[in-house]
Amino acid sequence: MRELYIETQEEEPEIKLPLPRVGITNLRTVAKINWKGRVYTFIPTFEVTIDLTEEKKGIHMSRLIESITDAMSEAIEEEVKRIHTSLEELALAIIKRIEEKHPHRRAEVWIKTTLILEKETPTSRKISYEPYDVEVGVIKESNIEKVLKVRVIGNTACPHAMANNQGRTHIQRAIGELEIRTDFEENIALEDMIEVVESSFSSPTYTLLKTSDENAVVRRMYENPKFVEDVAREILAKAKERFKGRIHVRVISNESIHKHDVIAEAWA
Amino acid sequence: MRELYIETQEEEPEIKLPLPRVGITNLRTVAKINWKGRVYTFIPTFEVTIDLTEEKKGIHMSRLIESITDAMSEAIEEEVKRIHTSLEELALAIIKRIEEKHPHRRAEVWIKTTLILEKETPTSRKISYEPYDVEVGVIKESNIEKVLKVRVIGNTACPHAMANNQGRTHIQRAIGELEIRTDFEENIALEDMIEVVESSFSSPTYTLLKTSDENAVVRRMYENPKFVEDVAREILAKAKERFKGRIHVRVISNESIHKHDVIAEAWA
Amino acid sequence: MRELYIETQEEEPEIKLPLPRVGITNLRTVAKINWKGRVYTFIPTFEVTIDLTEEKKGIHMSRLIESITDAMSEAIEEEVKRIHTSLEELALAIIKRIEEKHPHRRAEVWIKTTLILEKETPTSRKISYEPYDVEVGVIKESNIEKVLKVRVIGNTACPHAMANNQGRTHIQRAIGELEIRTDFEENIALEDMIEVVESSFSSPTYTLLKTSDENAVVRRMYENPKFVEDVAREILAKAKERFKGRIHVRVISNESIHKHDVIAEAWA
Amino acid sequence: MRELYIETQEEEPEIKLPLPRVGITNLRTVAKINWKGRVYTFIPTFEVTIDLTEEKKGIHMSRLIESITDAMSEAIEEEVKRIHTSLEELALAIIKRIEEKHPHRRAEVWIKTTLILEKETPTSRKISYEPYDVEVGVIKESNIEKVLKVRVIGNTACPHAMANNQGRTHIQRAIGELEIRTDFEENIALEDMIEVVESSFSSPTYTLLKTSDENAVVRRMYENPKFVEDVAREILAKAKERFKGRIHVRVISNESIHKHDVIAEAWA
């Protein structure tokens, strides 16, 4: 029955310019990943776009949205998701659905969510569940590229104040971001990227800390004073060694002695 | 081994004033709910507080956090969660864990998350997965009170512009919020609260809309023009009829003809 | 010419319920204050509401917005603003404009902005310009009430970790909020409220810090370790002594050892 | 007296990698612009960075911050600001201050603020003050480049729904962003960029609208239905014609029939 409707999107646009990215954004829906044999449920935020040629007025948002919802509902209904073993596999699965429904030359799927990972606390060896913001983008044009982003909460203990105050210094929460843009086939785990960032702060942070653990974290921060510059360099050096692709690092420190933040950024 | 440490929290504070709410906030961790026989996973944001008497310097954050993480890890590890059949049951389960670990007179647990509900589109009868922000608070003092909040995205079609423009009018996205504060035992489903709000707009909104559905939504908006005032009144009237407790309603319309928003608010 | 249009707002609503707050929100516009003889310009965010009786379908948003814009443009055009000597005087001036234009029983004006205050750094005695978020609400019903809010960035140095780690401890940025609800006539300066909060942290913070100043701030933090509980109690005690009205205090500490925050809240 | 302190920043870093961007961010302070002969005050948010060579451990944040505060306090104290006739001139003035204080090869200053512009309403010809988010970045390396960004709130009336519903359609708020990266010397006014975006929606929006104006806006939206694709293309075409530099366009529509947004993006 679709042909009974006027398809304004198929008309010629007044301004004949191609658009590389047209689609939906800020869409929240449920997704399931079969990760290392265990099914995880997320409610990520999606951005899905395709390109639009200069000859057409618009993309069929309705068809596009249908494609996306289909891929999502597949993820909900099937018991075991052989295909969705990572966020990037899920993104690619959505792109494949779109390919069946809407002509295009370029497609992108971006998935933003929170990962919860199990960590062990430093001395009491208790399990602590730690949250990490991650984002995965898959861009398919002539080849398939992916972008992997992690955002990790840590801290910095200022080495300059420490040197000038007999070992006392200002300490603060800091946020480290690592982004890698690479071939889809490149095998990079978000968990490994998180580890690279988390191990580069003055100390990792934990949701659960018994007093003995808290003391260990405090000791570690004082033994390991770092500028945001040091944190950014360490993330960059480790990432260059472990991962193949274009790397972007950004560290922001929520200074405890200022009302503003400090920043260090690098790319390779 | 805990007794080897100095417990600063147990000391007498310099300023002897009781504090009704002390604890942790903005904690994100995983939670599972067994809802109508099916296990749902969320990554909510938690705020958990207890009161502090005037005689003690601080609460044992470390113990409190441990209590919370325990309740959370229980939710992760057990296969079927008999106890957590709703967000408010989960909140109460956390309060019960705290009761075993830390003396207090008042405890609060607040859980903020996103619910995804299945809806049917108006004419194609396809399934569309819709996101809703919800928050649940449980406050235990002498009795147990709960606060239930839902936030629903809908729309308004302005009746004043419609009357002055031969049936044409400005339309925009609007957000309706409904909060109910009531006894813990009161049986109120978040889904019912969502339905009350969603049915009070000019039209409900859908993630997936085929052209026939889109037309149905457009028709419904024009047949059902509403000010934010109308939406707020309708939510209030329905909520008063269906739910027992103190009610708060807030509707915000992201005007398409202005850069600012309009608001209507009421309570009962 | 206004009477040529249909005034849908004047019609009888389907659901006859009064609404205490109807109006505009998230409106950004320019405002000028003549504060201690010097004119300051702000671009605040406004929320302005009036009540709606059960007999009318809506308020005249267009008239209401006109009233607000009038008061604002007056503030822009006049060289010296004798009337607007504080944010609350400006709020009251807006309410008086509304009174001439739209019948109502209750009116509220809320103004949110950033204040920049001059501070002197601890040892180099340089001037440092410090930003503070403030909000002022004026509510006129039978009498006139005002609500004053300040939000100040400071820090906490944990006394528990300090006691257990030979004087070393974790330090972090903290945010203190103080709200006072009182008679309009009560004379309370936002600057005094800011001072109450800022002086209650382990140390105040500064935008500009030379090394000698930074050392002074570091020393002060270690000499003055505080839980969020201590900060909240000190703000509450000082506020009770200095200001007349209902007081609400909230302190949030962005823990450097955790990914979550800790909170202490009190009211009087 | 500075030389009495240990200058940790001057030490050799453990990891010898250069960092292109190190500095401060999220700094809010007051700034004054003498724009077309009239002094305007803003409270912008600043990000200021310089590069760090591989031989040094850190930049002198304290010196850098001092440079920035100096430039800001100059802006506050002087009666007439001959030098700061635009946000980009102010940014360049900050860079010049840094050049006197800290060696570097690359410096960036980013200033984010809100502009309020006077508009005339469509039929009543009243003045309406309209807010626009803008950001200006100046990057000085071998040459000086600037980045100008504006963010404008408008609307879209869907042409597809209009064609399928006898002239009725869904309408919603939309946000258009235009960014231009060009030589510092290129003469581009933020006001002209705003006009390009604002004139590309189905209709401009206004803070103040009398009923006759509201009717004019409603008429204009129905006579001028547009997809986000149409808005993006029109902004792109106009910007290419009027401005010299690299152009980025992004339009987001807060759909009134969906809970998510739609997006169109292009660059040239």
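A few comments on the model shown:
To keep things simple, chains are lettered A, B, C and D as they appear, and every chain counts its residues starting from 1.
Criterion: contacts are C-beta pairs under 8 Å (C-beta built on N, C-alpha and C of every residue); 3 or more make two chains touch, one makes a residue touch a chain.
Remember, predicted model here, so these are calculated numbers, not experimental data.
Ranked by distance of CA centroids from chain B, the top chain is D. Here B-D and A-D were compared by C-beta pairs in contact; the pair with more is A-D. Chain B and chain D have Cα centroids separated by 35 Å.
Remark: chain A and chain B have CA centroids separated by 26 Å (rounded to whole angstrom). We define each chain's centre as the mean of its Cα atoms; on that basis chain A and chain D are separated by 26 Å.
Counting partner chains per residue, chain A shows two or more touched chains at residues 5, 27-28, 65, 131, 160, 164, 207, 209, 211, 214-215, 258-260.
In terms of which chains touch, the assembly is arranged so that all chains touch all other chains.
Those residues of chain D lying in contact with chain A across their complex are 5-9, 13-15, 17-28, 47, 49, 52, 57-59, 61, 65, 159-160, 163-164, 227-230, 232-234, 236-237, 252, 258-267.
Taken together, the chain C residues at the contact with chain D in this complex read 1-2, 5, 27-30, 40-43, 62, 65-66, 69, 72-73, 76, 113-114, 116, 126-129, 131, 207-212, 214-215. Here chain D touches chain B in the complex through residues 130-131, 153, 155, 160-161, 164-165, 167-173, 203, 205-207, 209, 211, 214-215, 217-219, 221-222, 254-260, going by the rule given at the top.
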